[in-house]
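You will see subunit A twice below: alongside subunit B first, and alongside subunit C after that.
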Partner chain A sequence: MSETMNTDDAVVLAPARSAFDQDWRKIVNWGLICALALIFVSLTDMPDKLDKRVIVEPLLSMGYLSLIWIPIALGNFVTREVVLEGMAQHKKGLRELVAGVSVGAIGGAGLALLIWLLDTRDLSDPLVNWNDALLEVLSFGEGVGYGAIFWILASAGLGLAGGALHLLPAIANRLLFAISLTIVLSASLESALDDISEGFQLEWLFEALFEKKGGLSVQGAIILAVFAIAWVLFLGGQAKRGRAAVAARRELSPTKVNTVGLVLIAVAAVVLPMFLGRLTNDLLTNVGLFLLLALGLNIVVGLAGILDLGYVAFYAVGGYTAAIMTSPTSPGLSPELPWWVAIFVVVFMAIVAGLFIGAPVIRMRGDYLAIVTLGFGEIIRLTVRSDWASGFTGGAQGILSIPGADIVGIATVKGTDPQQVLYLVIGFVAIAIYVSWRLENSRIGRAWMAVREDESVAEAMGINTVNSKLQAFVVGAILASFSGAIFAAKVGSVFESSFKILVSIVILVIVIVGGMGRIAGVAAGALVLVGILGGPNQPGLLAEFSEFKLLIYGALLIWMMLKRPEGLIPNVRRSRELHQDEFLQDAWLKAQADDDDDEAVSGEAAPA
Partner chain B sequence: MTTAMRSKAAPRTGVDWFLTFLRVLLSGLVLFGLSAFLLQQIDPGNPLASAINPDANRLSWDAFQGLVISGLSQGAMYGLIALGYSMVYGVLGFINFAHGEVFMVGAMTGMITSNKLFEAGVWEDNFLLAILIAVLVSVICSTVTAVVTERIAYRPLRGSPRLIPLITSIGVSFFIQNTSAVLLGPGAKSYPRLPDWLRDDIGIGPFDIEGKKLLVLVVAGLSMGALWYLVERTKTGKAMRAVAEDKEIASLMGIDVDRTIVTTFAVGGAMAGVAGILWGILFGSVTEFTGFLPGIKAFSAAVVGGIGNLGGAMAGGLTLGSSESLAPQLVLEPLGVTGHTQLKDAVAFLVLIFVLLVKPTGLFGERLSAEERA
Partner chain C sequence: MSERLLDIKNLSVTFGGLNALSDLDFHVDKGEIVSVIGPNGAGKTTFFNMISGMVTPTSGDIIFRGESLLGLDPNQVTARGIARTFQNVRLFANMTILENVMVSQHCRTKQGIMGALFQTGGFKREEQEIREHGEKVLGFFGSRLVGYRLNQPASVLSYANRRRLEIARAMATKPEVILLDEPVAGMNPKESEELTGLIGKLRDEWGFTIVMIEHDMGVVRDVSDRVVVLDHGETIAQGSYDEVSSNPAVIEAYLGRPAEEAS
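Our next item is the complex of A and B:
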């Protein structure tokens, strides 16, 4: 942190520009974007449907949050400048505030227009959410005029706040960010926190923070805010420094310290499920199943750079093989193997499927490969559903009464007991993480990365590109089939509708949002997306969002690709590759600036 | 192309043998199925034919021609959508996954307009005027959708690694699909009832064609003609071809590359809009998922015909449409596959895989610049 402060001081700031020296066209454009975004969010009915999900009891609900972040963000973005090395930078001042207010006001005017239209016109025929309930929520039940004026003023005020963020020092921005994140996150995690606090006998803490009918209480919000401030100001820095100090004193390498962290996580993974309630265990099981899938796809997409859109095929292979092998009622073949024996058959089938799908596509151009794998995913699903294969797969009726998983006669994991299933999932996730970690730093892993970056160069370096890509495909397939096999044992039945292309795309979103090629990133992606928003068929903590989660996934995918293609927790090497242009540009600009300095010096020298 | 060159230079690996095996297996299955079909056609009681599939029936001429016509009319639609994929791939070198959703937007807005016109009574009084308005509205909406997605999602990514715009377009596709579900409500929505003359059969030579299928074929043909004129005979088209060939040289020749790319998206969007309304006329209903499968199939059609090749896209669409409608009856049923019509969609993907295995440049040859082929 101290380093960034120094560089900030080193930049010579030009004086602030006057408040009305604006790029008005840009402001109007951003204002219109703000208005459109507000109208779009209103028409999706988020304000109404999410209104019941309270963040801070009397003050704020998720419904209103879905509106108010827009003017703040856009009021901030409108005056954001890309600062490149050697460019003149102006001091921030009144100009930023004026721009923010204008953008917010234009956006608010758009929302006011919508309120007026809601009152006077009836467009409910194509637009299903065009109804009085929405009008009620937007105008607070106080009439059209009140709502319209309120939103123009409120939106302008929020835009002003967004612009004002430029004026605040960096530390204040970080504090505000930490506070809002803590509060929104705690409110999202409400039901899980309830569950956990019960397990640890900490109900008093939960009751201090949350209201009975849901949502944080005002005092709870204040406590959390103080905690967030304390964390940013003291504890966060302390923890980092402590870690560095430990590493320095014992002459340990940072990786050793990371190992300590890993051990801590492992202990938590063993101990925590005992204290968790049913709901959280079930939720974490879903997260674990998707994490297993995402770790597999991370090897295929993140390390080897093969965009496999039919990844769900291997999940289906795992699920159906386990179902056929273990269920006593599976049509056709029904060997009724114990689950731990069936898992070997599952691995074998996954390898066969991986080779069979992988071999034809491996030589194709990257984008053709994506579509063809997607095609294979659909072919497998359609075949499983058809009458032709229903002799083995049960067709649309699926396979029922799958017994739980038994582990080498030691224990039987019943699908109905979420805690046992969670342990099973944690076991497999641990294997997957270990395998990915070892592979990443092995000869194979380096070969994958070389193939990802440039196939011709990799081949020239003596890498057998076809074989190494096939290996990635097969390893990914095995991990996905594990997930499928656990899924079958957990749910007790498999249907083809659980294996739609949608699942592939959700896994892709998890990998990309988390950070391609980085295990911690993928884990964070799975926790946040599946845990909070929910998987394709599984509800998350924000059950109210189920209608909107796919919309949010789509928007997230676009936004990540445009703004941060390396993901939330990026792989260092990969992000360097993705931002190569910017690094080069910075270097070029720096060189230019140096040249200019040289010329200036020589220019001054000549007349003298 | 590359496989052939490589196999001469390097010794064959296991993968090559497997691919050869797959090629032979797939061709063998198709040939075997077809010959079994012919045998059954000659005499269903034929011992060889009945050994393969004891329940075999002879396919009547009426049923056959029905399959051909519906395959062709559906294929014409695939062809219209495929044009958009093909043009964008030719110019920018990436698969615009969201193009199927542009088509869905066309079908959706067509549904809304035609229902409004039906309520106003125009649909029944003056069908041609109504359908003209509906086509106009959906073409405009599809074009706007295509251009806006280009501006927001693809233009900032120009020059990034080629998988990045592809992933973005998957996001766009997902977003548009769910926007439609949230704003307009999920589930199927139907078009108003068509006038009788579109639902009756019209006899042309030996064929009896349902009016709406004939309409689809005619409209697709006209749009194709208009597009051919635009691309081959106008200055805009020349600019498009130049940009597809080499963006840098084209800009040195004074062509506004950004604008040409927008035009390409707009033209592709317009074609998808036409296809959308034709879908509505042909099937009478539309859901938010309408765009997904036809979109992927249309991309397959573009690959089958040779990507970047506009005539090829149309031909690929017709090939794909008719094989997906005929193959279950002609190849799968004689082989004894039960419930063969359920595998219609699988056939479309198998055709794509087969073409990519046997002739990766498509049936009519791809037209791409050297940089995109790499």
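Our next item is the complex of A and C:
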């Protein structure tokens, strides 16, 4: 078994170490981490709350998945080694298995302890989830002894599996990863897939994969696994080559656009909403609203480097302006403008708000600026709620009965029809993408980048940094206000509680997790966070997760910062910045070689 | 006598009791190459920072083409026609080489957001001009910064090429006067000899007036029309290289500092 380990010839293999030649202290440490993680997840009540979300009926639910990945991952990590080029690596063998089992068993023992304590003690006072329901889930209703022994054995087994991943060849690891990802993702997307399959007349396919009461059927899981294997083995390589070719072209002419891709996306954006059901359309509308916000913030933070933590302020300005301008029942001013006229007022108000907040703030730098914008985000919301402004904004009662968005000569978009709203959102997202793209490759976009790189030097190179930053701030404000105006038309009412600080944070997390400075990255971030997990007030596909949304956001953010700080789909420039050392090492070696050539060339053709 | 471009009058600055520069008094005529030398801490870079508007003088005045530069922001000084480089090379490292010279033409161009969004004729023409001028400026250094290099980030450049790009970036702002802060620091003798030649060409072919801080006396001797010597914030000598180098006060200031005497 151990011979199959590494197919990579470059790695020098040393003989496997004995199974008992272990770093026992490390194993105990990881085992305790495993136990703590299992207990923590149990006490958040994920196993109970997510139990109804079935992944594969009747084998696995999200609830149990929230526990079982822990021993697998930690059983694997405990024997993970840093691979250095040219360093002898030991063959993997029994030693890895023993370490994995030990970590898993210690973790399982921790969970067993929790089960015993759940049965004998009552700590429900500080720990709200300390109840019989949790005990029931953890012990499968078969009693404490059964549960304890089951988890010790199961966790040890999972740890063993985690350790065994080291012994498998790389391709097998890739296949296993692809299979798990496909299955978990398909199960997560179940309701959306249900919805989409109707539009495309593919109910038969959906029924073949999923059980009626929810979750993949066993045969469905097998079909998906086969599909994943086929993808990795046959198509994966081609897709990779295609991407590499695109990347190479991008390197040569960075501003060039992939026309074919653009046309495909445009066609999909026009055609797809017709085939989607109510649920998916509504979901994508939420994704689009946050994408619009994230694209705006991407200009402010990603391009100009202004860390704005109060971005929700402009979303609120857009929402409230549209509400006041269009609603017949808005308390103070009520001009009842059509929505498309109101949008001009919205833009005007966004510019005013951008200048009003920006002018004092923009002279600050870095952390100071972030803190002040954080304050302004709340100030706008509290002003809206205050007695002083409630004559116009309705205070805590908000503004109701906002008619939909009518676009003169084209259509009247009713907020209650998600498909129409989605088209409206797509239109504005397209505008935002166009604006981001054009501005990035322009005089003002380059000035923003220079300011982000080094503000004092940008100033010394003749850039009025205050003006440039203010322009970025205002452009961002306008895009956010569009999102707010559509939101008001969609929901039909605005309340100050929709514009809390959490919205700012979610938008920022979308930009960071997705990939700052890259439009595709921001879109991916919005899809994953708002689409699957759900926005601050909007349910995502995994509605059961809403309680754990912030926990998962936080965990995701920390994990991304550690492992992939440049985001899911990174901006070339930014990932270069974050991996400066590795990148420079390569580049310098190459440049040294180039310079030698250059010297030879310029030596011959010395400037006359 | 040729046109007086830059007139420094009794310029002083104190940083909390320390006289970083006191009563500096000299002028630069159009088409001159003036070197400012002096031991470390003599106030040379502070002097540059004051001209470029990054440090406000305590007293005195800086007159450029008959107008005072006092109270202007650095970007306004650059717009008036004074560009600079930095002693500790400060490029926009993650922008490409071409972008570095394009962005520094900011104050000579005027297309705004609307031009970019609607891709007006004026915008396209201006982009074209910015790009052409950028490439022309980079071409000043031979083949080193052009060709496939244009779209590479500045961070990949070797040290000497970074210094060259800094100068190119200053040239791109279309200045009258370029302030060079130790242009050959860290270069090998061959590179610094080549750059010395280029500094001469900056004046002769491009018509720039140059004020240069330099420790390398070989370079100073080869290109300077005049030399100003600072020590502890005071001007101790002014004149041609030969006059200054035989001045006892200068010799005293440099004595016992072998690192400064190199070459």
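Keep in mind that, in the parts below, the second predicted complex is superposed on the first by the 542 of 608 C-alpha atoms of A that agree within 3 Å, B and C clash if a C-alpha of one lies under 4 Å from a C-alpha of the other, contacts with A are read in each partner's own complex, and residues count from 1 in each chain.
Note that a contact is a pair of C-beta atoms (placed from the backbone, for glycine too) under 8 Å apart; a residue touches a chain by one contact, two chains touch by 3 or more.
These numbers were taken from a predicted model, which means no experiment stands behind them.
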Looking at A:D132 after the superposition, I want to know if it touches subunit B, subunit C, both of them or none. Which is it: first, second, both, neither?
neither
Mind working out whether A:R576 is in touch with subunit B, subunit C, both or neither, as first, second, both or neither?
second
By the touch definition at the top of the document, which applies to A:D21: first (subunit B), second (subunit C), both, or neither?
neither
Name the contact category of A:D454: first (subunit B only), second (subunit C only), both, or neither.
second
By the touch definition at the top of the document, which applies to A:I463: first (subunit B), second (subunit C), both, or neither?
second
Touch check for A:M364: first (subunit B), second (subunit C), both, or neither?
first
Taking the superposition as given, does A:I379 touch the first partner, subunit B, the second, subunit C, both, or neither?
first
Between subunit B (first) and subunit C (second), which does A:R446 come into contact with in this model arrangement: first, second, both, or neither?
second
Please name which positions on subunit C make contact with subunit A in the complex.
52, 54, 73-75, 78-79, 83-84, 86, 90, 92-96, 99, 102-109, 111-113, 115-117, 119, 123, 126-127, 130, 142-144, 151, 153, 155-158, 161, 169, 173, 198
Mind listing the subunit A positions that touch subunit B in their complex?
43-45, 125-129, 305, 307, 309, 355, 359-360, 362-364, 366-368, 370-372, 374-376, 378-379, 382-383, 385-388, 390, 466-467, 470, 501, 505, 508-509, 512, 547-548, 550-551, 553-558, 561-562, 565, 578, 581
Residues of subunit B that touch subunit A when the two form their complex
2-3, 13, 15, 18-19, 22, 94-95, 112, 115-116, 152-153, 156-157, 159-168, 170-179, 181-185, 292, 296, 299-300, 303, 337-340, 342-343, 345-346, 349-350, 352-353, 356-357, 360
As the complex stands, subunit A meets subunit C at residues 251-254, 434-435, 438-439, 441-447, 449-450, 453-454, 456-465, 471, 475, 573-574, 576-577, 580, 583-584, 587-588, 590-592, 595, 598, 601-602, 605, 607
